[in-house]
Amino acid sequence: MANDKKSIFSPVTAFKNLVKKPETVRYPAESNDAAKRYRGFHINDLEECIGCSTCQEVCVNDAISMVEMLDVPAEEGQRNERPQIDYGRCCWCGLCVDVCTTGSLEMSRDYSYIDLDPDTFIVTPDQHDINKVDHPLGYLRDENSDLLDLKRIDIEMLDPEARVDSFIEIVEGFSKEQAEKEASRCVECEICTDTCPANMNIPQYIRGIFDEELEESVQQIYEDNPLPEVCGRVCTHKCEGVCAISHRGEAVSIRWLKRYAVDNVDSADYKKILGTEKIEQNNKKIAVVGAGPAGLSAAHYLSVMGYQITVYEDKENAGGMMRYGIPEYRLPYDALDKDINYIKSLGVDFVFNTRVGEDITLDELHEQYDAVFAATGLHNGRSTRVPGTDNNNVYQAVNLLADIARGKEVPVTKNLVVIGGGNVAMDIARSMARLQMEKYGEVNITVTSLETEDIMPADQEEIEEAREEGIVFKPGRGPKEIEVNEDGSLAQLCTNCCVSVFDEEMNFNPTFDDSDIENYECDMVIEAIGQGGDNSYIDDQFEIEYAGPRIKINDFSQTSVDWLFAGGDIARGPDVINAIRTGHDAAVGIDKYLNDEL
Amino acid sequence: MRNEKELLELINVHLEPQAVEIKREQNVSVELAPKNLIQALSFLKSHSYQHLSTISCVDWLEEGAFELVYHLFSYDDYINISLKTRIKREPGIFQTAKEIWPVAEFYERDIHEFFGVEFKGNDNLEEMILENWQHLPPMRKDFDTREFVNDQYEWRDYNGQKHTD
Amino acid sequence: MNNNFVKGSWQEILDWAQNKSINMLHYCTGCGAIELPPTMTSRYDMSRFGIGPAATPRQADLLLVTGYLSTKTLRRLIYTYEQMQAPKFVVGFGSCTINGGMYWDSYNTIKQLDKYLPVEMYIAGCMPRPEAILDGLLKLKKMINNGEADGYQRYQDNLEFYHQNQEAVLGEVQRTQ
Amino acid sequence: MDKSTQTEIFFGPNHPGVPGNYGIIYEFEGDTVTSAKANAGHLHRGFEKLMEERLWIKNTALVPRICVEEPDINEMVYAMGFEAIGEIEVPRRADYIRSIILELARIQGHIFSIGGNAAGIGQYTVMHWGTLTRDYILDIFEEITGARVYHIYIRPGGVRQDIEDETFDKILDLMDELENERFPDLEKTLFENPNAQKRWQGKAVITKEEAVEMGATGPVLRANGVPHDLRKMMPYAAYDDVEFEVPTYENGDAWDRIKIARDDMLQSIKIIRQLIQNIPDGPVQTDLGNGLKYKIPKGDAYVKIESKRGEYGYYMVSDGGLKPYRVHVRGASTPLGLYGVREFLPGTRIADVPVWAKSLGICPPEFDR
Amino acid sequence: MIDLIYKIGHFLLITVFATALGLLFMGIARKIIARIQKRYGPPVYQPYLDVLKLFGKDAITHGFIFDFGAVMALGGVIATLFFIPLGSWQLYSMEGTVLLVIYLLAVASLGMAMGTVGSGNPQASIGISRALTQMLGYELPFLVILFSLIFRYQTSSIWGLMQAQAGSFLNWNLFAYPMMALVAFVVLIGMMGKKPFDAMIAPSEIGSGPVVESGGKYLGMLLLQKSITIIIELALYVNLFLGGADNIFSFSFKMLIVWILATMFGSLFPRFRIEDGVKFFWKWPLGIAILQALYIII
């Protein structure tokens, strides 16, 4: 206390301020701009925003709600909803900006909004904030503040060298930690659910994985998809294409997560988990034609409802294209059988080696059963019909794939060309690559397609993997002629440049440039440009309506003949998930139809 | 100066702990039976643990227990001890620590107000923070604040502009 | 008629004086109060506009509700408001006074201030910056000058409505009026 | 004493002399307080309950609101609790930035409370200067974090954004300005002012024994010659990398506590300079994955740090879920504001009640919560 | 009759003038304090607006005593005003002695006290008891000064005391008896209730003391009373120590100088506790005053 200086004159120094300029900011005459990072009112780029509602999820105060906007189209991958912000709740924390999946939501430096009417404190921000004037941007998210996990967990895959000589499944699947980490990336926006042809409860089953409750996941998956082992491997995963995370990062590996969930639950527990231990029968009988994904799906859902199902299949085993079209390295038969066996265990009868239309007519089915679901698929390969396709060394991909699946010997030559740019082309090319490797120790396969690589219908990763395995791509080429040697063997495939595949109305109408000719030497050509179905078993007996090449069905997969339902590739698609959806729809439809609700 | 290990030894010898754990550097957690706790507090206080940071209460609804956590600190050892004990949730009665630390009276009052725990020996447990509270003590897990707010208050709907879902 | 005219213009003069001289009550109901000192003191100095602090409710014209109101504070705030002398004005600060703000699901705060007291205007923010507060007060001045700030009359006219709402939350409320 | 000569006064909650929305009900006789009790709870929002209802990340926006005077302290304790339970390492640069923020916040808080203390004894000039000076620090905060008061900047795993080099320069410039211009002015006008000394010396004394007994920490202890500071006793963030002293005085009165605030600010300036000089490069945030899905294992932790008023602690419990199971806040002034009022206020002159309340740094929101 | 009207007119004029000047001084003070605090402050004419506004507001009464107290306070100061020479402008100031002025000012204080008792607020009671205690503090040295002046010049009339300093400015008591002038300056600060002697209104301790329950028109009246009091006290000081003035303008100017100085010092020093304040008055000012008195007497 003693050493505290004190003097009544010391404070007098403060009088110097009398002659100094005051430090007051004379607002509003002198404005004091907010800092560069200032968290002011929200602005939102309505074009960029996809209405994913993640901002709503993260909002601490329930200040954000999604409001329907009629002038924004509800396209695939986005909802016509945009965030509405309640400034009677907002706390300007900026978490919504940090978490915004597209980066459309931002903050301006504007901070002043005053009104007499509290009802005006709610706004759907667009490029202007609540004051409807332009302001410089304020707080911006950067990589540190970002709340999304943009990097996906890479799935373990066999190396190209290790996988190319066998049909062992190349994707190894997630470990528990990986799966949980990957599952944690999901923001549960449900954009994927809207996009999935089967409208699967994707966020819910991913949440199950995150919560370490796989049984919950399996339940959620079986709501809409009775073939998860299949879809967990070979689904075209449109969901991942629209995944909200994919706008700024890599999409959540939805497909692999689904696979993880079902792979790690024992099929013996399925009945308990799904509550199908005891199903009440209703003594109605349904016939399903075709044991492909659509047929299996319909059979599953109908049998869960208590119907007696008989599936007619002309091949010797169930699965359709899943078994006879998709090679084993992508979809091991064990996995397929796990799904099918569960459906069988529900009491579904299978009649194999029986072709409807030949062994039994549709009319007969109609008499024996209460309703019929037809899903016979597309099993006949189409030909390019260019000169030379009638040669013995020109094959159809579907036939070869089926033979490989049956374990039959297939012809393998040294120098192969595949025509086609779809997944079937990839499947056959890669299968043949494995056979070539077994036989010759090297891969020599060329894939030509009309489409250039950016519009090739095959999955990008399939193309990548094929390339890794040594397959050469020649995209944008139209087959012109297969030149045949005099001894009947093939010489080369002659191609011209494909200028455009579709015309202005987006119809298939390729145009070619004959000045650009390339020839590919080959001793075997496989055509994989699409398949057609054989609906004669229907057409012979009924006048059925078509929509283009496909059978016309309504929302419940019902055809113009009321007891006949159709699904799968003959009605929609072609892919597994659409087939499953039509099968599920048919199940619902048949139930309604038989209860006179349709 | 004791280090964490020596401290735990001391505790093991004198206090019959149910569990001890070095949480991290300078932080020790000790679980005790309710009957030993008050005595442990005065023991530790006489062994340089003179600073009572606060008393926390955790409602373990599923286990039917309230966990009382006494945070002590020693200005000699620079170690923080969290002394934990679990009492039955019903009826939720415990002894006061007011005799050891008079300030505990107010921490206990707080816990009584928000959890409904009674402290025998503490006669000053009247309402302190809340006013005319008629419902379940609000920090209990079975008190649902959102439900309560829904009943008690109305949220603005901005003339129907606000979409709720 | 002539009388009305005189009365009218006298009222205008009073409104004008009121707009030039506002004493706000120093009652920190919530966290927004932390931005009041900068507004009141040297940095933004709201006394430039004739707005100054008042020590007691009796001397105040302006009640700033700076954010959330716990029910316990609401009771005191109502007493305070009723002690103030008309004309008197209430300004709501930030989200909490509009729709609960941060504490929308808190069991102990009110959600809409205008159900309990007549509010002249709201300033957005959590909490509003001093500049926003100044903007708000300048707007309030304009309103007072135009005779539009009539909250205290609304309170008198709808006394039953306000009292009912107050009692719904607080139980019995002592009335000084 | 005849009861009839005693009169009861409601000191607050709306009263210019109280620190915030808080009340002291005291009875007095003549000019001396005879009994007092705290009338707290006006700021109760049920924070601890609200935190149990919100995701880990969402609570980062909630915690600063617990004590409006020292929001950063709350952010820091919360983040530390999360990291302690989840055993998460924080990048070193983030530690440094956190320390810089905390020290700026400390200066900001001290200068504001010195102003408040001065206003309590009627020295409004210093109150104006104090608030003005604080505002320049808030400008820095605004530049770093995007907000003046509630920064929401310190996050589990690190800090929200990196600080740019120009901002460091600005901070250093401001520190020079504080040290060379603003603090000397303050020293002359307030600390050398005989009236101010008279108002504070020997007032609101709390002895060492009393302080330890009730759990008062920080300046209350240091005013009794005990150099206790959690920054030194249980180093966190980057405090083990810097050198600084803990100022102490011997009398335990209001005057000593206010001098400690002054000396603390000078130490903070020293710390900030060292931190800025030695700050390492590198990331400022550990990757914790998707913010909506922060999950830490089951466990609990009592974490505490040194606020400007002493120990500020959180007891956090996680049940392994997406939300905290329980968070209990121990504000620095809790024992003083609730227990101290009753025990130590009686005997004080009415004129010294604001000196008492303000010099002890009673911050009601932290015990109302 | 005309004489009466003239007188009444004069009364009114002087009241209005003093009020206006007092309010202007308050405005100037605010501006100066603001500058010291590094800000701009309200406009100089702010106090006029404040008064106008306050008279436009509703006001709640706390009973007859409360009303009467307010009227008495205002009436007391207005009456005092008539006995103070403002430059050459004066009504009864020829007859007015310093003692009368002191007595009349006490009436005003009593009026305040009555009003306070009427309001029934304990903080107001504390405030008024402090005000009266403080009065005890500063009146004592002030009386010593007055008596030594009266003794020195052998007149108790303010006019007479003022006349005694006529001639050169060196005759002003400020220069003749600087210590006494200094003491009187400190006392003046105390009388005007400026810091550091404003314990009776201390907002942070007791709301605003005596006026805690006064709102609206009552506060307006108190503000007017305050402004007139300031003028009376400044005028007293100017008359006693700065030799008064020939005309109202230079008189006002002198008052302004004193006022500004008082304001500036007031902005620096925190308020005394009431007993410290009284002790202070009885220590330094009283001691010096007595010394000075002894010097004069001997």
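Some observations on this one:
By written order: A, B, C, D and E. Residues from 1 in each chain.
We take it that a residue touches a chain if its C-beta (ideal position, glycine included) is under 8 Å from a C-beta of that chain, and two chains touch if they have at least 3 such contacts.
This is a predicted model, so every value here is computed, not measured.
Chains making contact with chain D as well as with chain E: A, C. Separation of chain B from chain C in touch steps, taking the shortest path, is 1.
Chain centres computed from CA atoms place E at the largest separation from chain A. Central chain (C-alpha centroid nearest the global protein C-alpha centroid): D. Centres computed as Cα averages put chain C at a distance of 35 Å from chain E. Annotation: 59 Å between the Cα-based centres of chain B and chain E. For this pair, chain C with chain D, the centres built from the Cα atoms lie 30 Å apart. Mean C-alpha position of chain B lies 23 Å from that of chain D. Multi-chain contact residues, meaning those touching two or more other chains, occur in chain B at positions 130-131, 138, 143, 145-146, 156.
Each of residues 16, 41, 44, 46, 49-50, 53, 61-62, 125, 128-129, 132, 150, 189, 193, 368 in chain D touches at least two other chains. Chain A has residues 8, 11, 14, 22-24, 26, 34, 60, 86, 88, 91-92, 118, 121 in contact with two or more other chains.
Pairwise, the chains that make contact are A-B, A-C, A-D, A-E, B-C, B-D, C-D, C-E, D-E.
Contact residues on chain C toward chain E in their complex (touch as defined above): 13-14, 17-18, 20-21, 41-42, 45, 47-50, 52, 55-59, 61, 84-87. Those residues of chain A that touch chain E in the shared complex are 8, 11-12, 14-15, 17-18, 20, 22-24, 26. The residues of chain A lying in touch with chain C in their complex are 22-28, 31-32, 34, 41, 60-63, 86-92, 111-116, 118, 121, 130.
Within the complex, the chain C residues that touch chain B are 71-72, 75, 98-100, 104-108, 110-112, 115, 169-171.
The touching residues of chain C, when paired with chain D in their complex, are 25-31, 33-35, 37-38, 40-43, 53, 55, 57, 68, 70, 72-73, 76, 80, 102-103, 105-109, 126-127, 129.
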